[in-house]
Each structure stands twice: as C-alpha cells, then as structure tokens.
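The same chain A turns up in both complexes below, where it pairs with chain B and then with chain C.
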Partner chain A sequence: MVEAELWAFIAVSSVAYMTPILLVTIGEIIAERSGVVNIGVEGILLASAFAAVAAAFFSGSAALGVASGALAGALIGALFGLFAVYLRADQIIAGLAINLSSYGFTVLGLIALWGHHGASPRVEAELPYFSLGQGSVPLLSLLALLIAAVAWLLLFRTRAGLALRACGEEPSAAYAMGVNVRLYRMAAVVLGGALAGLGGSFLALELAGSFTRGMSAGMGFIALANVAFSGWNPLPAILGAYVFGFLSAAADALQQEVGYAYLLKTLPYLGTLAAAALLGRRSIRPPQRLGVPF
Partner chain B sequence: MIAALSEVALALAAALAFSSLLLLALGYDAASSLLTMFSYGFGNPEYLAAVAAPLVLSALAFLIPFKAGMFNIGGEGQAYLGALLFLYASQGLGALGIAAGALAGALLGGLVGALRAFLGVNEVIASIMINWTLFYVTLFSVSKYLTHPEYPHRSIDVGFSLGAPYSLLLAALAALAAYALLYRTLLGYEIRVVGSSPRAAAYAGIDARRAAVISMAIGGLFGGLAGTLKVMYVGHIDATMSALFGVGFLGIGVALIGRANPLGSVASALLLAGMIIGGHWMELRLGTPPELTDVIVGTTVLVLSAPYALKLLLKGGGLGGG
Partner chain C sequence: MAPLVFMKEIRKVYPEGTVALRGASFELLEGEVHALLGENGAGKTTLMKILYGELRPTSGEIYFRGERVSFRSPQEAMRRGIAMVHQSFALVPTFTVLENLYLAISSVRKVSQGEVRSRAAELGKELGIEVPLNARVEQLPAGMRQRAEILKALLLEAKVIILDEPTSLLTPFEAEALIALIRRLRAKGVSFVYVTHKLREVKEVADRVTVLRKGLNVGTLQARETSEAEMAKLMVGAAVERAKRRPPREVGEVVLEVEGLVARDEMGVERLRGVSFSVRAGEIVGIAGVQGSGQRELAEAIAGLRRPERGSIRVRGVEIAGKPPREARRLGVLYVPELREEGLALEMNIVENSILARQRGHARGPLVDWGSAEERARGLVERFKVVFGSLWDRAAALSGGNQQRLMVGRELSSRGALLIAHEPTQGLDVTSAEMVREEILRLRDEGMAVLLISSDLDEVLELSDRVIVLFEGRSVGELRGEEASIEKVGRLMGGAA
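Right, the complex of A and B next:
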C-alpha cells in the first residue's frame, strides 16, 4: 500500500477502533462522577462481547446481539452496584472479582455453546453503516459521539446531573439535601455497565466478527486511563478515545506491512502508559469522594 | 482467626452454589463435577506443590503493596518478565538464574511504584499496560530469539530446576519472610501505617513515597519469582503462554481468599492449586471446562469484598453463633 493511503486508511479505521473505548469511557465517567470507580468494566466488555456474539449467532440478528450485549452490561453493572453501593464493598476488589469471574464465565460459555476453547465461529450478522462521501462509518460509532454529547448535557446542564455529581463530591451534603445517594450511584453504575456493554457488542460484532477468549485485552483499562485524561468530562474523552483508537488501528494495519507483529501490538499499551506518565500530575482532580462507600 | 475462616468458608460456599447453578444452566452435571474437583484435586502431593508454589508467590506480590494501600495488578507482567529472564539467565548461570528472575520483577515493581509516587500515575492502569506489553514482548522473544531448534512452537528448555517440593519450600520461606517483614520490622510497620492511614503516616513523618516504591519492589520481586518457579516446573515457555498466563491474576484471588495474610496465602494457594488440578480432572472425566475454577475464585472474592454482605449472610444463615 502507498504510504499516504495507508495512513489515511488508519486514520479512518481509528474511528471504528475508538468506539468501544469511547463508550466504556463515557459510562465510567458517569459512574465515577457519582463516586463509584468500577474497574470491572474490563470484565463487562468481555462478558458483553460474549453475550452479543451468542445472541447474534443464534438469532441471526445483529440488533438483537447489540441489545443483548448492552443488557448483559447493565446486569453485571447492577451486580457490581449491589456490592459496591449497597453492600459497601471495596470497589477495586469487587471490580477485580468481576474481571476474574467474567474471564472464567465466558470461556465456560464458549465451550458449552460451541465446544471450542479459543474462539466462537464467525457471526455473519452485520451492523448498519452510515455512508459518508467516499467511505462509510459504522452507525454505532456516530451514535457513540452523540452519546458523549448527551452525557455531557446530562452531567453538566441538568438538575439530575448536578445531584449525581454531588454524590461524588460531597455525598453527605447531597444526602442532607434529599438526594438518594445510593440510588443515584446504583443508576450511574447500571448506566455505565450498559454503555460498556454497548462497547463490548461493537468490539465483538464489528471489529472482530467473533468472540475470542480474553478479547478485551486491557481495552477497559485503557478507557479507565482515558477517564482521567478527559478530566471526567465526556467531550474531551472523544479526543482521548481517538488517540488510543488510532494506536490500535495503526498496530493492526502496520503488522501486515512489517514483520514485528508482536512488538507492534504493544503500541496502545505503551501509548497509554506514556500519556499517563506525562499527564499524571495535572490540576484536574477526581471527584472528591471517588471510591469511598456511602 | 475463627472469624476469618468462617467468612472464607461462607464465601466459598456461596461461590460453589452460584457455580453449580451456572453449570446446571449450561447443561453440565454440577454435582459430579464439583465432587470430582475436590476429590481428585488433592491426590498428588508433588503436583499440588508444583502448582501451589507460584501461586503463593504471586499472592505475596499482590499482598505486600496492598498493605501499603496500593493495588499491584502487575503480578502477571512481573511473572512474565521473571520467567523470561530466568529462562535466559539459567542457560549459563544455572541456579543463579533465579536471582535474575526475582531481580527483574523487583525492578519492574519498583518502576510502577516510582511512577505512582513521583508522577502520580495510577498503579492499576500502569500495571495492566505493562502486563500486556510484556505479554507481547515475551511472545516476541520466545518466537525470535529463544525458540527451541526442534520444536518451533516453544522456547528452549530451562537450564536449571529445583523440583516441586523445593519450589514449595522456597515459596513457604518467602511467605514467612513476608510475614516477618510486615509484622516484625520497622519497614513493615511503616508500610502498614501508610496503607491504613496515610494521614497518620504523614503526621508521624513516614515517607509515603518510599513505602510505595519499596513495597512495590518487594511485591515485584515475589512476582518475578512466581514466574520463575512456574517456568522452572513447566520447563519452557510455549508459543501461546498458556502455562504462564493467569499466574499473576490468580495470585490476587489467592491473597484475598487468604485474607491478605502471608501465611493465610499459603493455605489458600494449596486450596486453589487443588481446585485447579481437580478442574483438569473434571474436564478429563466429565468434559466440564476447567475455567470453572476462575468463576469460583472470582465469585468468592466478590463476596469477600463486602464485609457487610458476609455479616448479612452469617445472620441470615444462623451460622454466626453470636
């Protein structure tokens, strides 16, 4: 491929690669603004990818696959919320437990449904595209941008958003003002789970076309890093998601050009680490009571 | 002690109940599967020791920084690097290769601790990024430089091996050393104060940054040793990293089920090792996927994460005795 064409291709395919990262980031921003950190999004990404592939495979409908992925994400979010919000669990440990269980559960399902240890069969159901001049963009990628804008409006321009942010900053003050802190936190975690589930559906049905064991491969944690880079704001999160999407797209496209496939795969991870090291001490601070049970 | 044991037993029981339902839903014979897991898993002491030893060490890798208030999720990457450097160094240095594996892990852990202490980088995110980077670096090294001349799907053989019983002995000694460090030395005291009350630590003049770097370096040392012992027993690194993958992550489960105690981690590592081995028997005899073990460990940790949930369960089940 000609150099310029290759980079143009990478720049466009980055839009698809950024989509799951963006969706997980928005969901996690909502959860963290309410005071709950959910590192279980990595497991949610994986489990919802599995749910989406299973539903699309047996029904033949991509829409049903996406809906199932989002539903699975919301359900796991609710399970996490039950422990993290209502049972006052250590949020990091509960998140780790979700990740560990999801890995085991999806491999179990993989073997039970298809008798395979590594990957599901390919799913033929295709997600809709939006034509844009010469090329086309997955409809869900555009939807993710819209969701980012809606989430920004919800968080910063509505009373409910103000109450939700109060739950993350000063939960006792919010409680005194009549805000049901636990209910807000639970709703934020379930919504965050549903958005991560949407991301998992996209990862499996659009980017991969099948389910492979451990396919989230740290993408949930890249999104967690992006939450901090964005300053807990869905709009800058779009830029961060594009940068990390670009690194993943470049790694995948370039490995067909040059021989060092394994080393190129490290690009998104090293990029995230470098960004975290450069931007680690910025003035934007996390929600004051992030990670503290109420 | 009694309270900790009953909490763990209760959490395990809840996890087993959940796993049985999952097995039934997926169409497996739940009762026979779990029975096979527990009756066959503990039959071969030598194999049990070989599987348990790396888990003790990867549990310690999580546990020491955990006491300082940090989450070392990087045991996985530390194990990869330790295994890789041991494999390489043991070719010429023999037993001294163990030191190479441990030292590599310690440097890596210390690096993550320093990133957190001096640049404000979240250690969870840094660890996961390094885990995946090293996953691919290890695959690259094995496929490019350390490939076995006759079997291209795996690395050359290790140059030294301790054998299973001595591996477990080394792991047990490491657990004793970790216990002594945490509860019998000034450094251990400082680590625990920083972890349980950063403000009290600052008031007492304890350097939290130093505690972060040192506890992560010690954790990394154990993580590197975990990978070293794993590759030592298997004898090589295969092209899909199937034996190494998960050693670090399971260590987190081992440490938490061992109630974040170095000696509890030895007991919990033996239990989980038996379940892992039993899981393979389960697959062999009944076709039940061995990944069930991951589900059981994950759900146990989830229940243990919420002390309040345990109190409810103890009251509800009438098992509390109080």
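Right, the complex of A and C next:
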C-alpha cells in the first residue's frame, strides 16, 4: 500500500526534520532555567548554519563543519551572555541585536566568500546516518535525543542543575547560598548557544546541503514556543519538536503530490504554534525570575 | 573574656549619599541573645548586613573572638560561623526544603543530598525543629520557612545567628514557638542577634538590648532591668504617645457590604472562601490574620483589581464585584495598596503621583493644569512630611518611608466614602506611623467607613471598632474592638475555633 509506506517514510524522516528545533529547544531550556531568555537563538541558528557550510565547503569535512557551527553558536552565546548577564542589558533587545546582525553578516559572508547574495554552492560533505525501515536517520538526530536525556539528567538530577535552576527561580537566594549566579547564567547561555549552533549545522549540512539566506526561517522562534510547550523540560520538548518535524516532513513529501507548495510550508509553523497554544499545560510555571538581570 | 563579636565605630555611607551608620558600636557575648532595637531607618539591618559580609563598611573595625576580620561576602562570614536569617527569606521558593539545604551546604563543603537529609532530620529531632524536608518552600507557612532557615544555619555550624525582624510574618503562636526555640539553642551555646523594633519582644527574648538611633548606638541595657517606656524613649529620642482607640462618634449607614466573597490568587489558589461582612460610615473595621489568609485578594477585589469567583461587593448599595476599578473610585473608594509599586508610578515624578487617579480635578480642557497639580503636591508633602529633593524628582528616588507617606497621604487627603488601607504604616518610623493612624481616626470621625488590613496586630487592635479575623480565606471570628485582645485574636489567627 503506497499510502501507508508514504506515511511510514514521513514518520521516520520527521526525526531528521525535528533535530534543529530539538537542539535549539534544549539549549534554550538550559538558558531559561538559569533565568536568561535568549531570543537570539534564531540568529545563532542562522549564523552557525553559515559557519558550518563555510567550514565544510573549504575543508571538505562534514565533521569540521559541524564543529565550526557549534563553536560559532557558543561564541555568539558568549557575546550575548556578556551583554545580557554581565552588563545586565535588556535580554530581549540583546537577543534582537543578535538576530538582526546575524542576518546581515551572513548575507555579507555569502557575497564575500562566493560572490552571491542568495545561496552558497552545494556542499558535498555528508554526515553519517543509518537506515531505519522506510528511511534513514542521521546519527546527529539520535545524538540530539541523547542530549535531551542528558540535559534532563543535568537539570534535575545533579547539584549543578539544582544550582542552575536556583539562578532562574530566585537568584538572590541562590547567591546567598554561595552560587555564582552570573557564572552559571553565562555557562548556560554559552551551552545553549553551542546546542543551537549544532542545530544550525545540521539544518545546513544535512537538511539543506547548502546555505541560503534567511534559511533559519523562524525555526528559532518555533523553538522558543516549544520551550514553553515543554514546560521547560527537555523530555516533553522532544514531543513538541516531533510535531514540527512531522509536519515539515509531511509538507515536503506531499508537495510533490498536491499543488499548494507554499501553503503547505506554513503547516509546520501553524501546527506547532497550535499545539503549543492548545496543549501547553497552564499549571506549569516559567522560572520565576526569567528575563530579570542579576 | 573577649566578646564573641565586637563591631567598633562602624560607619556606612551608601553610594547615593545616604548615611546609614555614623560610628555605631555593637558587642555580642558568647551564649547571649542580644536585641538590636531601633526604628525603621535607624541602621539596624545595615549594621547586621555588615557583620554578615553582605555590605562593606565605609570605615570601622570588626573583631571576631578578638581577631580582626573583614568579610567580603556572606560565604566568608558563614565560614566563621555567622549566619543571618533575613526578613524576606533567602530560600528558593519553588524548591523543596531539602533541595535548599543541600544547595546551601554543598556550596561550602562536599556533601551528598542523602547526608544532608539524615543530618537535617537528626538535628531537627534533637532541637525540636520540625520541618517537612520534602515540602516545597512556597507551600510552607512563614514560621516553617524561618525554621528551615535556622536549620540551614545550624547545619552550616553557625555560632552566631542574626534574626532580622523575625516575627514580622509570624502568627503570635509561631512567634512564641520561635522564642522557645531561641532559648533552647542558646542553652546549646548559640548566640543570637535579634533585630527588632518591637519593644515587647525585647523584654521577652533578650538578655541585653542595644538601641540604635539614626545610625548611632544610644545605649546598651540589661533587658530584664529596663522598661518598654525607657527603651521607647531611647529609640525615638522623646516620649511618643500611642494613638488610643476611641469610640466612634456616630456610626451611620452601611457603606460596604461584602457577601460570600470567593477569589483566587494568580496561581489559581482559592484564597478567599466565602467572606461576608459590612462596614458602616464612621467605623473602622480591622482585618487581622496571618499574611496570605486572603487579605490581599479581599482588598483587591473591593478596589476592583481582582475579579472574584463568586459573591457580591456593594458600595453604597451599588454592586461592583468584577467591575473595573473606575467604578469603585466613582463611588468614593480610596485605596492604599499593600505594595507601593501598585499605589505609585515609581518612574513618574512626585507631582504626577500626587494627582494619580485625580487628574480630572487638575485639568483645563484636555490639558493638565500643572500649576494646580504642583500646588496639591506641595500641600501633600508638607502635611505628610515627605522628604524630597525636588517635586519633579521621580518617586523612585524617594526612600521607602517617604514613598509610603506620599502614597498614603494622597489617599487620605482625598474625599471619599470608603477607605481601604492595606498595611498603611509599613516601613514608617514610629512618629509617622502614629501620624497616619491619627489621620485614619480623623477620617473615621468625619464619617468615612474604613477597612483596615494590617499584619501589625497592635495597630489593628488600637484602631479598630470591630475586628474580623481571617484564617485560610474564611472569617473565623468577629470581635468588638474593646473585647479584642492579642490572646483572643492570636488564637483565632492560628485557626483555633
């Protein structure tokens, strides 16, 4: 039965499509648990996608591309942290600055490296994957699931996680108990940036195979919605990311069969937002001092 | 024997220029409970924050067991065995007690959560400090949170525990239990600094008392040998007359009628569970109760800031439950909220704040009549003794007490039929608090209906013609002013029938 095969294919490839969202979400959960909201993840996703493509293009190594993307994410996270944590800047404005400048710099980079302002050439470097039923799952996607589990352990089962969450709940109490609040927040933001960078690398090298201008296309913001949907918990975040991945995969697969390609592309966004809005549990509270500089 | 702690001629000037301490000295002996007494703004908390390493002195010396020390952070003080229990507790509210204890102790030494649990249970049992280790802090009553803090200090092997206004959030019963606990711990060799402005407590708990006034110590006395009057005189610098309840001149018609009021807080918790009462013109009805018994929800519902689930609120016969605040204002409701940031626009200047919600009286067509607004502001600050730089300064630049006087003054100098005063004297020194109480009595005598909500039980008892006690969102008792005593009301506040 063709129908069933198609849906099985979509179900498996959703795992790949969900990966960038999942990684960004986990990173943002860690940052927000420490009390810092970084809406700059959209820009980090974009800039790290660019860094990954550039590194893979010139070195021919996909691994180096992924590493560069993650490193770029961490560095931008550190820059954000410098302003938002140590200089106590408004977190939303600092994040906005990251988003706007990432867009600008990546377009400049496209022109500088390849003399083109729309897209980079295709990168042939391939990421490892293994097959599963009707499709195949990239190794990095499995790693992302593992990272979700590790992040959960880190946040809810370790002393460092306890201290990190204390920074987001009541930083002055955490400080009084001997926690270096700013250091924890900085570390959380850098880690969050690195994970978003990993997501950006995957988006460019695995899903697209090249860099196109503005290719993050709001996925960072969807991840922010997913953070709230998950109740600031990495495990439910997998579900939220899967909804997005599934709808993305379905939209891609179906657009060959039906004609409304552009309309279909909006499906993952609308669907994820609807899920986040309708299923988000109201009893879950965000970290109490989220967004408040310390 | 050298004193355990000796603070010598401590001066503290805050960066913005406020002089909090002008050479205050303080001495704590091993195994004593030493009260530090003073009005708000006398510098008590500042002095203790310096001892605890939270603030650094501008000048002065601190000796611990005869050795000169200089703490740069609370951690350093804690390592020496000095702990401080703050007025607002330094616990993470969304964590369990155990998680808080573990976090605090593990940042000083390597320890597992299991070890903290067994040590806490053991110590709690030995000293009679029962705290549910697995309960989230925010779900615990204030007395319990405070015990958790004391337990934390003891687990950190504190030799000196500084208690900052420890009874301000407690019921009379919890306060009694605290005092008993302090005595037990003192017998085990723990020394206490007991920071307070309540004279009665000093007599009850302290061995010695040091009185601070305007940043200077003005005397150290044996608590047993002194009297409340003597301490009050030292504290204020002159004898103060407490406002005395006086019978209302003439009680008129019902102004406020509340029936079966049910309301939830922000978290969706039902805080008011069917409260009914009325307030007549020319009488003061006081609401007593432990904080969090529904006082805030009650005040906000009447002011129109909170939509009740059920029940009715009638002001002069008009139903206003669930109506916007404008409706309440129109019917003559004056409202002093619990939080200054709700009663003042802190980023706006004093003149603007003086005419908040009264703009209509200071308008010329669509324009604000700044001349008359300034005139009103000038009258206000003079009458209520607000100390300020310029009338055009932001309200945020005023000290807490001055903000309170400005906010209370604006409401108390307005015309209306019903005054809701929620913690009207919080953060005020004794003299200003008396002035505010006197103004409230005057308004009542002029025929206003007053609903007084206060955690200062003395204040409620002094002013109220009737006292209603709230417990867990229900009215558990109504007493006439003259029959309401601390003991009776205290028992009701604790939930006893």
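Methods note: the second predicted complex is superposed on the first by the 284 of 294 C-alpha atoms of A that agree within 3 Å, B and C clash if a C-alpha of one lies under 4 Å from a C-alpha of the other, contacts with A are read in each partner's own complex, and residues count from 1 in each chain.
We adopt the following convention: contacts are C-beta pairs under 8 Å (C-beta built on N, C-alpha and C of every residue); 3 or more make two chains touch, one makes a residue touch a chain.
Since this is a predicted model, take the numbers as computed values, not measurements.
Novice: Can A:119 be said to touch chain B (first), chain C (second), both, or neither?
Specialist: neither
Novice: Check whether A:83 is in contact with chain B, with chain C, with both or with neither, and answer first, second, both or neither.
Specialist: first
Novice: For A:6, select first, second, both or neither according to whether it touches chain B, chain C, the two together, or no partner.
Specialist: Touch partners of A:6: none, neither chain B nor chain C.
Novice: Between chain B and chain C, which makes contact with more of the residues in chain A?
Specialist: B
Novice: Considering only the touch criterion stated at the top, classify A:288 as touching first (chain B), second (chain C), both, or neither.
Specialist: second
Novice: So, A:143: does it touch chain B (first), chain C (second), both, or neither?
Specialist: neither
Novice: First (chain B), second (chain C), both or neither: which does A:177 touch?
Specialist: After superposing on A, A:177 lies in contact with chain C but is clear of chain B.
Novice: Could you please specify the touching residues of chain A with respect to chain B in the complex?
Specialist: Result: residues 39, 42, 83, 87-90, 92-94, 96-105, 107-109, 111-112, 217-218, 221-222, 224-225, 228, 260, 262-263, 265-266, 269-270, 272-273, 276-277, 280-281 of chain A touch chain B.
Novice: Quick check on the complex: what are the chain C residues that touch chain A?
Specialist: 74-75, 78, 86, 89-95, 99-100, 102-104, 106-108, 113, 267
Novice: Considering only the defined contacts, which chain A positions touch chain C in the complex?
Specialist: Result: residues 159, 162-163, 165-166, 169-170, 172-174, 176-179, 285, 288 of chain A touch chain C.
Novice: Residue numbers of chain B touching chain A in their complex, please.
Specialist: 22, 26-28, 71, 73, 115, 119-122, 124-126, 128-133, 136-137, 139-140, 143, 249, 252-253, 256, 289, 291-299, 301-302, 304-309, 312
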